[in-house]
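Below you'll find a set of structures to go through.
Both of the next two complexes hold chain A, though its partner changes from chain B to chain C.
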Partner chain A sequence: MQEAAITARGAILTRQRINRLALREAMAGYFFILPTLLSFLVFFLIPTISGLGMSLFDWDFFSEPEFVGLDNFSELARDKLFLRTLKNTALFALFATSGNVGLGMFIAIGINSIKWRWLKTFLRTAYFIPFVISTVVVALMFGFLLQESTGVVNYYLSRLGIVRIPWLSSSAWAFRSIVLIDVWKHVGFFTLIFLAGLQAIPSELYEAALVDGAGRRVRLTRITIPLLTPSLFFSLIIALIGAFQVFESMYVLTNGGPGDATRTVVMLLYREAFGSFNMGYAASMAVLLFFIILALTVTQVRLGDRWVFYR
Partner chain B sequence: MKNIRCRLILLFMLVLLCATAALTPAQDEVTLGFVYGSFAPQEKWEAYFEGFLEAHPNVTINYIPVPLDSWGDYTQKIVTTMLGGEQVDVIWNAIEAVPLMAERGVLRELDSFLESDPDIQEFLDDANPKLLEGLRWKDQQYLLPFAWNTTLIYYNKAVLEAAGLPEPPPDWTWDDFLEYATAITQDTDDDGINDIWGFHHNAWLWHLGPWLVSNGSFFLNEDFTEPWYDRPESIEALQFARDLIWEHGVGPSGSFNFREAFVAGTLGMMIDSPAGRQRLIPAGMSADDYDVVFFPSKSGEAAPGSQWGTDGYGITADSQHPDLAWEMVKHLVSVDVMSKLLSGEFASASAPARQSLASDPVLVAASPANYLRFYEVLANGRTVINAPYFAELAEIHDRYMSQVWANEMSVEDAAASIQADMEAVIAEN
Partner chain C sequence: MISAASTSQSHLFQPLDPFRDKLRHQWRAWLANAVLALPLILGSLLMFAPLIWAVSFSFGQPHEFFKLPPPVIPSSFRLDNYHGVFERVDFLRFFLNSVVVTGCVTAAQLITCSMGGYAFARLRFPGRRIIFILFLASMMVPQHVTLIPVFIIIRGLGLYNNLGALIVPYATSVFGTFLLKQFFETIPDELEDAAKIDGAGFLQIYWRVMLPLAGPPLATLAILTFNSSWNNFFWPLIFINSAEKMTLPLGMIYLRGQDGVTNSGVLMAAIVLNLVPVLIFFMIFQRRLVEGVTLSGLKGA
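So, the complex of A and B:
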């Protein structure tokens, strides 16, 4: 029995033949994942490693790179503009993630409770459409809508007797406007994730709760939300990663202004890399951002064990 | 088995041979990479090459569009494109980019061509010497001027007439200007919101420069090594410009589609360049509907001034076909091609660099009555900021002046911050 195995049909296979079959199977597997593996290598792994290496050099694209060790990182710690953009990015991530995930969950619960199927489908599609529109197009569209003197939004607000709001031209409002636009664009995606999570909750649980006399609020807090925690967990991670990489909407709408009120780390990174050609310094920002996102994700995963309920 | 393998190898080699043969161009066929601003569609740029391709049938042009948000951004995108491996031979770019591209070794100096090619003398004699000089860096020519721009105040004649105002005099003062802007600004439906604005300007360098020049100052000194934001004349001019919006309420705050408002008659005066007519004509405005006037000065006695910039064509340092690229540059600055600027129907409607075209009937017909005022301010104006660290300086200006325009920072504080930050950038470079 050491040299051979018996197949279901009783045929005897030698170990050599088994190895050959296993190898062929493995090769076929690798062949199928080859395109994904190659794109992962070319577009993710190699650039990531290059970025890590680049962050240790002073390089302006034109001359020979000069090794500077961790100098770029120590300069980052002293760079007031970088710290300001880091704060902006963190605040944006906090508000945009809360808005997207929180609102997405409640919209999904609302849509799920609608009995008319056609309305459900209509609302689901309506909320999802902004997600498939290019961020640049969304930003340009809101740029017109939110103009202070001639924008459509302020026009109707003034008709209601509300003073014109400097949506994009004041530091405080520009930041809020961009968070609102981000939520408008992305909330449909998270609504869809939560709708999928809601479909997976067995109806028997609600039926049993009804028999036990549980009201709507109890059913929401004791069944729906706990069983939505896997979707919530996934959404939080995705939303947070996306929010830390925000770029297009701010670049198009405010170009980081007024002042630096809406400048994020990725905007500063872009300017340093392709504006001032400080490739090493820009790479150190990218590396730091990578580790911040990694740390937040790992923390979320660790904490997730405490509050995520898997059935 | 061996037989099949041999056949496969032979087939592979045959395919490789065919592919190589197909990809290898005939010896005399040349492709020249041409970088242009994608604000105008490719066919409008292609029109510039009529005649050149007929004279050089072996040449194919690889048109490389680059988005143009600002000259700094455009230049950075060109450099990134080239570093990405794209073969570029001829570049269309502006005066702001010359120092950066020359310092980085992106552009080839043109003096050797200018000295050895007698055909170019005719162009050198005709081109405005200020423009030629502006496109030099450290005593070497890097671009040949094609078109240029400066800014004046455009006024909508019908709006002024409705406000009971005569056409503004060329030697007007800040007080005169404010009277005009105040008279034009109106809340026609009494809802507390202005429906017609007197004037509009942004915090951009391009919009604020003329206010400084007409008050005897500028953003920086002549060689861009010393910021002038702390000069009393600069602060005074910036304060006046800011007060038009926040003190006198004659200009809208925030983003504003000023050209559309100007055409619609809801804006009386705006800042624009000779190229502005290209946007007004398709909107239904004829050259008789508006005119241009100098920026006012505080006392009305200063010589009319503004800032100007120019664009042109140059050859990259790593062009594989510099001689052909030179032929292309010569063609692009020829009378035939430059004449295409005049009607405003092609890629650009900026003023032509050739002095002989300034009074061309086509240009006169497409321009407002006082069009030659653009040429007058060219003589007295300052060049736009052109230093290798142009993008950094522009960003510093935008950072603080955008806060002034949002009424979140005083002009004095902004000027002091800009002064300090610009000094740091200049010292670093």
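So, the complex of A and C:
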């Protein structure tokens, strides 16, 4: 009797039948995950492993690959152009992340403290609109508006008494423009994340603080910001991972220029792989990029324990 | 004297004129709101301004481009620039390609992700946990690591320069599987047991019990997938090399490369043609899109 179970119908199941049912369930399980598993194997696991392997080879796509060990990586460490793109990418990640996350948090706190519902909805929608537009379209549009002599932006700046800015033609400004465009496109996304975090803060906390006579600033620094740290933590991780893979806006707007001022790692990787057919070298860049992202994420998670406030 | 004393007392303990005081209080709250809202409203204008200018310039004539101040409302609504787009490229083809790719990817993900989510949430099979952990870990790896091998696989499958190259690798997603697993785990066992008693197999439980309940997460997944597939640029850039197979984002770059298009009204017209369907999509699904993004925190990659 111990080895049997009773079904809802009251039928007694022997161990043999249980095994048969378990087998059927397992078969069904494999059947249902089959499409996902197959795709995972063909388009992720096998490519990832061979991508890792490829970084150890010298291969031009057409002739036999030649095993070179870690030579690609030591070459990367000496490659001035690669180091330049790495620096560009890191700086972009730093500025775009702080712009997106910082401004997103600021805007979210502002929107959240407005009392009028219709205005809240309007603002949330307005800031989020650019997120649904493709980066290519955004970049093309800004390329037009930011022209130096005939662009709309410079016209209005000159009316304000500011000199025309070489938005895309000077190295320093091209980089800043790319960051600004990235913030324009993504800030609404982070605003949403922070708005969700703000809504999760129980209103009793604010009521209690009011009873204790806490002012606006104290409520902001002692309740709102500490309780937003999980959203902040999450946003920082997401933003950094995305920023390190940036490609499209530079590809469309500046093609890496002027000079190499806006060339990123992925842009160089793309050129090495599909322009010069240095497949092994490009693969080693991807692998290095992966380890950088991994290291940054792990570091953030480690440091997160110290400053993220978990309820 | 007495009256003065009583007045000051009443001032201390209760409002002189409750109605006026309330009004003043409301006025203050209104003002605080307005002061707070003003910079946010100005900021939101910055979000709209580029779109408005794009629309304005798309109707403008070439000589207006150098007219200062640039007109916010064009002097005439001429469609020359729009004709220019269709003269230079097969824009409709780009659009249809985008529709086909995005439609197939979204439909495929709804099926595969709900199947996978159901299995991971409700079925027991050896290796379930480890497979799921591997799935999750894969979300951390940037797609560029897999780029070259996937390129070789796609060529091997004969999908190079074929819309299939943009569909097959995206036919399922770890994120979607995860989203639906989370949802299916919340469905009470009783529903499934009742179906089992009625003699339903797993396929019937999935189809008749689970899917009809999964409307909201499926809608979220559909909208997020639609958006990221519609805007995908990197993949087409690598796998598509002939104009008749291009999707909209790649087609835009192709159009820019045509004679006399760079930074012209024609390009703006094409941008507007891109914006219109996206903004309609946004209007219709705004609420669910916002919900989905908040829920998932997914950066549309």
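Everything that follows uses one rule, which is that the second predicted complex is superposed on the first by the 269 of 311 C-alpha atoms of A that agree within 3 Å, B and C clash if a C-alpha of one lies under 4 Å from a C-alpha of the other, contacts with A are read in each partner's own complex, and residues count from 1 in each chain.
In this text, a residue touches a chain if its C-beta (ideal position, glycine included) is under 8 Å from a C-beta of that chain, and two chains touch if they have at least 3 such contacts.
Predicted model, so just to flag it, every value in this text is computed and none were measured.
Asks: Answer with first, second, both or neither: which of chain B and chain C does A:275 touch in the superposed model?
Replies: In the superposition, A:275 touches chain B alone.
Asks: Tell me which partner A:148 touches in the superposition: chain B (first), chain C (second), both or neither.
Replies: first
Asks: Give one of first, second, both or neither to describe whether A:28 is in contact with chain B, with chain C, with both, or with none.
Replies: second
Asks: If you stack the two complexes on chain A, which partner ends up touching A:54: first (chain B), second (chain C), both, or neither?
Replies: second
Asks: Which chain, chain B or chain C, ends up touching more residues of chain A in the combined arrangement?
Replies: C
Asks: Just checking: does A:170 make contact with chain B only, chain C only, both, or neither of them? Give me first, second, both or neither.
Replies: first
Asks: Which residues form the common part of the chain A surface touched by chain B and by chain C?
Replies: 143, 147, 150, 274
Asks: Of all residues in chain A, which touch chain C in the complex?
Replies: Chain A reaches chain C through residues 8-9, 22, 24-33, 35-37, 39-40, 42-48, 50-52, 54, 107, 110-111, 113-116, 119, 122-137, 140-145, 147, 150, 152, 155-156, 159, 184, 186, 188-189, 192-193, 195-196, 234-235, 238-239, 241-242, 244-245, 247-248, 251-252, 266, 269-270, 273-274, 279, 282-283, 285-287, 289-290, 293-294, 297.
Asks: Which stretch or stretches of chain C touch chain A in the complex?
Replies: 29, 33, 36-37, 39-41, 43-44, 46-48, 50-51, 53-54, 57, 65-66, 68-70, 111-113, 115-116, 118-120, 123-126, 128, 131, 134-135, 138, 140-151, 153, 168-169, 171-172, 174, 177, 193, 196-197, 201-203, 206, 227, 230-231, 233-234, 237-238, 248-250, 252-253, 256, 263, 267-268, 271, 274-275, 278-279, 281-282, 286, 289-290, 293-294, 297, 299-301
Asks: Would you pull the chain A residues touching chain B in the complex into a rising list?
Replies: 61-62, 143, 147-150, 158, 164, 166-171, 255, 257-260, 271, 274-277
Asks: Note which residues of chain B are touching chain A in the complex, please.
Replies: That would be residues 72-73, 76-77, 79-80, 83, 104-105, 191-194, 197, 252-257, 261, 391-392, 395, 398-400, 402-403, 405-409 of chain B.
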